[in-house]
Amino acid sequence: MNWNTAVYIVMNPLFALVLSPLVLGLIKTVKARIQGRPGPPVLQQYYQLRKLFHKEIVYSEDSSFIVRLGPYLGIAFMLTASLFVPMVFIPQTGWFGNIILFFYLMITAKFFMVLGGLDAGSTFGGMGSSREMTVSSIIEPVTIMSCAALAFVLKTTSIPEMFRTLLAGSIFSYPTLILVGISLFIILIVESARVPVDNPETHLELTMIHEAMILEQSGPKLALVELASGVRQTVLMALLINVTFPWGLAGLAGCASLLLAAVTMAVKMLILAATVGLFESLLAKIRFFRLPDFFMIALFLSFITIVFELLR
Amino acid sequence: MDFPEFSSGIEDKEAVVQSLFWVGGALCLVATILPLVLLFRPSRLLRQAALWVLLAGTGAISAAAILVISRSLDLHLTLLSITPQLALSFRLDKLSCFFVVIIGAVSFCAVIYSMTYIAHYKSERSKQFLASGLAFFILAMLLVVASSTTFGFLFFWELMSLSSFFLVMFDLDKPETQKAGIFYFSMTQMGTIFLLASFLLLYRFTGSFDISAASNIPQWGKGLVFVSLFIGFGTKAGIIPFHKWLPYAHSASPSNVSALMSGVMLKVPIYGLVRFIIDVFRPDLWWGIVLLFFGSITALLGIIYAFKEHDLKKMLAYCSIENLGVIVVGLGLYVIFDFYGLRVQADLCIYGALFHTLNHALFKSSLFMTAGSVVQATGTRDIEQMGGLIKRMPGTGAIFLVGACAIAALPPLNGFASEIMIFQAYLTSFSLGRPILEILLMAGLAALALTSTLAAACFAKAFGIIFLARPRSGAASAAKEAPFAQLLAPGILAALCVGFGVFSYQLISNVKSGMPLPDMLPIGIIVLVLTGVTFLLLLLTRSPVRKTETWGCGIPSQTGKMEYSGDGFSEPIVTVFKPVFRTRKLSTREFYDKYNSIPKSSSGEIGTLKFFEERLYVPIARFFMKIAGAVSNLHNVDMDALILYSFIAVVLVILGVGWWL
Amino acid sequence: MQTVLPVVYAALPLVLILIFWALGRHGLGQDNRFLNLFVILQTALFLVATTWAFAAFKLPLGFLHGDYFYIDSLSLYEILVTSMVFLLAAVYSRGYVSSLVEAGELDGSILRLFYGFFCLLEMVTVLAFASNNLALLWIFAELSTLFSSALIVTLKARENIVAALKYVFVASTAMLFSFIGIIILFAVSKTAINGGSLNWTSLFDAAHNMDPRLFFLAFSFLFLGFAAKAGVAPFHTWVPTAYIRAPSAVAVVSGTVLNLGLYAVLRLYAIGYAAGAGINLRLFLFIFGLFGIAVAGFSMLKRTNTKKIIAFSGVESAGLLLIAFGLASATALYWALFYVLGYSLVKSLLFFSAGIFHRQYQSNKYFAARQALKLQPLASWGLILGSAAAAGTPLFPIFLAKWNILAVLGEVSAGMLGATLFFLLPAVIGLGYYFIRLFRQEPGGEIKAFRTPLSMKLPIIVCLTSILLLGLWVPGGLDNTLGRIVASLGF
Amino acid sequence: MMNTGITGDLIEVLFVLILGTAAFVITQRALRSLFTLYTIQSVILAAIAVVLFAEHRTVSLLFIALLTLVIKGFVIPAFLRRTLVVLPSKRDIEFSYLTPASSILLSAVLLFIVYTSFSNVAEVLFSDRLFFLGGVIGVSLALMGMMVIFSRKKVVSKIVGYLTMENGVLLFGLFIAEMPFIIEVLIVIDLFMLIVLSTIMAFGIDSSIEAFHKKLTQLGMRFED
C-alpha cells in the first residue's frame, strides 16, 4: 500500500464524515427558506451531534447486543462504503471501487440498523424496519440497473475507473449519462430517506420509515446512526456529482490540488444539497404503496440508457 | 492405514485417495448397519458408535476429495460390476470431488449435530432408524456425485431419493407428513423418470452408459436430452414450477435431515447439471436462455414465497429454492457467455455458480441446524410464537445471525462473495453485442437484484422475529440453549461462511487467476478496524447507560402480543407483490327456498392462493385421478362386463389381424 | 437317472393325493401341521430335484422320445422359479392356514382338499413348463386354472366363488381362442414339417420354412389365451378379483401361473422371430404391453386394497415383459428372464406380508392398518421394501432388469420409450401413494397384536434376503443359464 | 373337390343348422330348452364329422364323432339337466348389454368380420371354399358363444355359452387340420372337468354357503369325498 492509497483511505471517509452534517444542515435551511421560515443555522447538525455525544444511553430492557452493536457496524460499513467513491482525488490502487460491493456495503449497514429497530420490541421500530426493508428491496433493482447502465456506458465496474474515464472525456461523449444521473438522483432521494419517499422531519406514524426505525437509539449511539445516514447521503451525492460533473476531481494527490479539489467538491456538494432541498419542497410525500411507481421511472431511465448504449 | 509422504509420486497419492475413499465408504456402510444390528433391543451405545463411525467415514471421504482437488488427480475406480456393462464405477476428478467435499464436509457437521439432536426423539427404535437412515443417505449422496456411469448415477440417485424419502416420513405421527411424503415421492419419481429417459436416450445415441461418452449426438437428440435432464434435475433442485415438494418435505423432516437435504441434496442435481450440460455436452444458446429464465423466476418467486412464510423451516426451504435459482442463473449465464466466447464472464459465472453452491451448502445447513435447535427448544415451527430467543439461546442466535447475513448476501460474507461474481458477469456483459439477448439479461439482472435484497429483508425479518424483542409465547420464554454439539456443528459452518467470504478473492485466485473481483480481505479488515475505532472513541465519551422499558406511547407494560409480528413485517412487501400473493375467496350460501330469499347457511373463506399447487399440481393430479377413476371403474363390474372386454379385444384382434394380413 | 424328474414331478403329487384321500376326514386328516408337512416335503423335493437337474444333467432332456416332455434351460429355469415360490408358500401356509382355520375362515374338513389342490397345482404348472407339445401345454394351463380356482373357493365366502368363476370364465374363454390358434399353427406347421407337429423343438427347427403371415395369424389367436393366463390387459380382469379373494399363500402360487402364460408367449415369439414375423409380432406385443402398463398404472392410483394393488403391479410387469419380449434382443430377453425371477420373489414377499396384515387386521384395506409398524414390523418392512422393489428401486433386481430393458427399448424407438416411461410413472406413484397412506394411519386405540408364527416370517426373510442379493449380484450360475436360454431361443 | 356332390350339400345344410341352433342358444330363455339346443348342436357336429369321414376315410374323425356324441350329446346335457333340479328358477330371462335381437344382428356382423379377416389367407390355410366356410363358421360360433356368456345372467346359461364356444373350436378344427386324436380327448376331458367345477360353483352364487353345501349333498357331490 503506497502513500497515495494511505492518504486516500484516511481522507475520503473523513471528508464524507465532516461534510455530511453540513450537507444535511444546508438541505434543512433551503427547505426552511422555501417554506418562509428562517430555519436552523446551517451548522445546526454539528451542534446536534455534540449534544448527542454528551447524553446518556438508554437501552430497552428487552433489547440484546444487537441494538448495542448495530450503530458501530452501521457507521463502520458506511465509512467503508465511502472509500468506494472518490470524492477528492482518484487513488491509484484498485482493490476497492467495485460498484456492486459499494451498494451492498450500504445494504449491510442498513441490515444492522433494521435489526436494531426490531430489537427493542417496540411497534415503531418494527414498523420502521419493515418499511425500510421494503423500500430498500424494491429500489435495489433500480440501483443495480443504474450500476449496469454506468458499467455499460463506461465499460467498467469500478467507480474510480469510471471517474477516470469521465475525466478523460467530456459529458458530450456520454450523453446517456444524464439519464443515469436522473436515476441516481432518485436513488439518492430514496436512500437518504427524503420526501417524497420518507419524511425525515416527522415522527408521525403514517410517514415515518427511517426515523421510526432508529427510535430506540439514544445518546452517542444515535449520533453514530445519524452520522451514518449523513455519510450515506454524502457518498451517494458524490457519486451522482462525479458521474454527471466530474471536473474538479484531482487525478493525483498533491497538497495544493487536493485542497482545490476538496473545495470544488464541497461547493458542488452544497449546490446539489440545495437542489435536493428544492426538490423536496416541490414534492409532496407519496403514499407508501405508490412508491414502486416512482422507482419505475428510475428503472426505466436506466434501462433506456442500456438500450441506447447497446444500439449505439 | 499408513500415509506415504505427499512428496512422492502421483501413484502413491492415487493409492492414498483410493484407500481413503473406500475406507470412508465402508465406514458409512458400517454406520448404516450398526444401529440396526440390535433392532429389537435398541442400544444407545451402538447408535453413538455408528455416528462416530459415520463421522470418520465422511471425514475420510472428504479428505480423499480434498487431496484430489489439491493435486488435480483424476481417478477411476470400480466398486462392483453387476454385469460387464452395469458397473458401479466412480470417477474422482476435480468437479466431482468438489461436490464430494461439499457433501462430506456438511455431512460431517450434520453428524456432529445429530449426536445430541437424535436424543430428543422418544422412541428408541426410531432413533436407531434415524441414525441408520442418515448414514445411508449420506453415503448415497456421496456416491451419486462420484459415479462415472449413468447407471451408477441413477442407481445411487434413487437410493438417495428413497433414503431421504424415508427420512422425510420419519415423523409418522405428524399429520402433515402424509402430504409431504406424497408430494415428495411423486415429484421425485417424476424427476427420476425424466432422468431415466435422458440417460437411456444418451445410451441410444452413444451406446454407452459412461457419463463422459456423450459426444456425437444429433442435434434434436441433444435438445431432447437437455430438456429431459433439466426437468429431472430441476425437480430435485426445486426449480419452479417443480418445486412444490421442497417446502413440505423440508419442514416435515427432522432438522438434521433437512439440513442435509437442503444443504447438500439439492446440490446433487446441480452437480448433474454442471456435469452433463457443461462438462459433457457443448451446450446450445437456447439452453442457456432456458436455464436463465427458469433460474431467475425460481430465485425471485422463491424468495417472495419465503418472505411470506412464517413456518421457520418452510421459510428456509423456500429460501433454498431461491438460492438454487441463483445457481441455475449462473449456469445459464455461463452457457450464454460461453456460446459467444466471452471467456472472462463465462468463467465468472461458472465459478460463481459453483462457489455459490458451496456457500449455500454452508450457510443453509448452518441455518437449518440452528433452526432445528430453535424448534426443539420452543416446540413450534411458527416464528410468530418465538421471539426473544437471543437472550435464552445466545450461541444459537449468534450463529443464526452469521448464517442470515451470509444468505442475505451481505459483504464480506460468502453469500455475497459468490453472488457478486454473477453480478459482475452481468455488468460486464456489454461486449456481448446482441441487443435482444442483452435486454433479456438485464431483465434477469433486475430480478436477481430484487432477489438478493428480498433475501436480506427476509432474513432481517426471520432473525428479528425469532431472536429479538420479547418472547411471544410461553414456550419461547422457557427455551433453553442447545447442547454443545448442536452449537459446534453450525458454528463450524458459520465460521467457514465468514472465512470463505473474507478470503474469497484469495480462494478464487487460487483456482482461476485474473478474475475481476474485489478483494474482500481488506474490506473485512477495514470494517473491523473502523468498528473497533468507533467503539474505542465512544468509550471515551463515557456516557452513562440506563436500562428502561421500551417506549410504547405511554402504555405502561408492553407484552409480547403488542410487538410487531412477522406477518406485520412482511405486510408491505406482500402488498407490493400482490399479484404473486393472490387471495382466493370462497363463499357458499344455501337457501331454504328456491327463490334464494331465505338464507339457510353460508360459509366463506379467504386464503392465499397457492398458485402452483392449486393451478398446476392439483389440476394435473386431478386429471390423472380422473383417468385413474375411470379405469378403476372399469374393473368394478360383474363378470358379464369382464367377458365383454375380452370379447371386444378378441374381435378387435381379429379385425386388426385381418386388416394387417 | 433322468427318470427321477418325472417321478418327482408327476408321481409324487399323485401319491400324496392318494395319501390325503386315505387319511380320511377325521383326526390327522384335519391336522394342518401334519398335512402341511407332506406339502413342504413335496415342494422341497421339487426344488431339490430341479436344482439337481441344473447341476447334474446335460440339458436338454427329453422324455417319451422327447415328443411330449422335454426340458431345456428355459423350462428348467421356469420350473426352478416355480418350485421356489411353491416351497416358500408351503412353509408360509403352515402358520397361515392354521390361523385361517382358527379364525373359522377355512373349514378343517376342507384342509385335505386344499393341500391336495395345492400339490396338483404345482404338478400341472411344472408339467406345463416341461411339455414339449403346445397342446399339452394348453391342457396343463387349463388345469392350472382349474386347480387354482378350486383353491380360491376353499375359503368360506360367496365372494370367493364369484372370484373363482370370473377367473375360470375369463381365462378359459380366452384359452379357447388359443386353441383355435393351436389348430391354425398345426395347419401352418404342415407346410413346413411333414405331417405337422406342435412340438416346440420341431416348430423351432422348421420355423424358417413357415409362412410368416400365417404364423402371425396363429400367434395372434394363441396369444389371446396365454395373455389371459399371464394377466395381460384387457384379459387381466380376473387377476385383481382372484387375488384379493384368494388366501395369500394361494395368491403367491397363482403368481407362477402368470409366468406360465408369459413363458408360452415367449416360446411362440421365438418361433415367430425365427419364421421372420418379428416385426409384426413386435408391434402386436408392444401394443398389448403398453396398454397393459397404462391400465395397470392408472388403476394403481386409485387403490384401497393391498392385495389388489399387488395384483395390478403384476399386470404392469406382464406388460413390461411383453415389451421386453417384443424387442427381440439378447440383452432385453436376458433381463426379462431375470425380471421373472426377481418379480416372482418380490410378489411373493408382498403377498406374504399382506397375508400377515390380513391376519392382524382381518382386512386388506389400507385404512384398517393402524399402528402397522409397531404391531407387525417385519411384515411392514416387507411391504415397504417389497413395494420399493416392485417400483424398480435400485438395490433390488427389478431395477437392473427395468434399466436394461428400457435401454434396449430406447435404442429401438425413442417414442416407445417415452410412452412406456409415461405410463410407468402412475404405477410407481400409485404404489407410493398407497403405502404412504397405509403407514400414516391415525394410531387409534390399543390393538391386540397378532402373534406371527415363525413359519410365516421365514419366507419373508428369505425373499428379502434373496432380492437384496439379486439386486447387486447376478450369480455366475444364473448368468450362465440366462445366457444359454437366450442363445437357445435364437436371439 | 367337395363342392360338387352330395356330401358338400349335406355339410352346407348342417352349417345352416348349426348357425340356427346358435341363434336359438342366444335367444332361448328356458334353461331346459337351452340344454336341448346344445345337445342338438353337438349331434350336428358329430354328424359333420361323420360326413367328413365318409369323404376322407380318416378313422380319427369317426372317433371324434363318437366322442362328441357321447360326451357332448349325452353326458354333459344329462349332468346339466340334473343340476336343474336344484335350481330355484328354471328360466334365464335377463339379458345384459345386448337384447336377443341385437345379438342376432351382431352375430351376422361377426360372421362378416371373421370372413373378411380370414379371406386373405383362405387359399393357403384351407383346402377349398367349403372348408373355409367351415372355419369361418367355427370361429364365429366361438364368438357367438362368448356373446352368450356376457349377455346372459345365469351362470348355467353362461356354461352353455362356453360349451357353444367349444363346439365352435371343434368345428374349426374339423375343417382346417386333422389334429392328433389324443389331443382331442384331452381337451374333452378338460372341458368336462371345467364344466363340473363351474357348475358346482354356479350354485354358490345364488345361495348362502350352508344352502350351497346342502345342495351339493343333494346332488351327491361333496367337497370332502
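Order of writing sets the chain letters: A, B, C and D. Residues in each chain are counted from 1.
Everything that follows uses one rule, which is that a contact is a pair of C-beta atoms (placed from the backbone, for glycine too) under 8 Å apart; a residue touches a chain by one contact, two chains touch by 3 or more.
Since the structure is predicted, the reported quantities are computational estimates derived from the model, not experimental observations.
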State the smallest step count from chain C to chain D, taking one step as a move to a touching chain. 1
Among the chains, which has its CA centre at the largest distance from chain C's? A
When centres are defined as mean Cα positions, the distance from chain B to chain D in whole Å is 68
CA centroids of chain A and chain B: separation to the nearest Å works out as 36
On a C-alpha centroid basis, what's the spacing between chain A and chain C, in Å? 78
Counting only Cα atoms for the centres, state how far chain B is from chain C in Å. 43
Name the residues of chain D that each touch 2 or more other chains. 121, 139, 146, 149, 158
Would you please write down the residue numbers of chain B that are in contact with two or more other chains? 639, 643, 646, 650, 657, 661
Which chain B residues qualify as touching chain D in the complex? 639-641, 643-644, 646-647, 650-651, 654-655, 657-659, 661
Report the residues of chain D in contact with chain C in the complex, numbered from low to high. 121, 124-125, 138-139, 142, 146, 149, 155, 158, 162, 165-166, 168-169, 172-173, 176-177, 179-180, 183, 186-187, 190, 193-194, 197-198, 201-202, 204-205, 208-209, 223-224
The residues of chain D that touch chain B in their complex are 96-97, 110, 113-114, 116-121, 139, 143, 146-147, 149-151, 153, 158
Touching chain D in the complex, chain C uses residues 25, 109-110, 112-113, 135-136, 139, 142-143, 145-146, 149-150, 153, 156-158, 161-162, 164-165, 168-169, 172-173, 176-177, 179-180, 183-184, 186-188, 190-191, 196, 198, 211, 213-214, 217
Chain B to chain A touching residues, read off their complex: 387-388, 390-391, 397, 401, 405, 408-411, 416, 420, 423-424, 426-428, 430, 435, 438-439, 442, 445-450, 452-454, 456-457, 460-461, 463-465, 467-470, 516-519, 522-523, 526-528, 530-531, 534-535, 538, 541, 543-552, 558, 560, 562-564, 568-573, 575-576
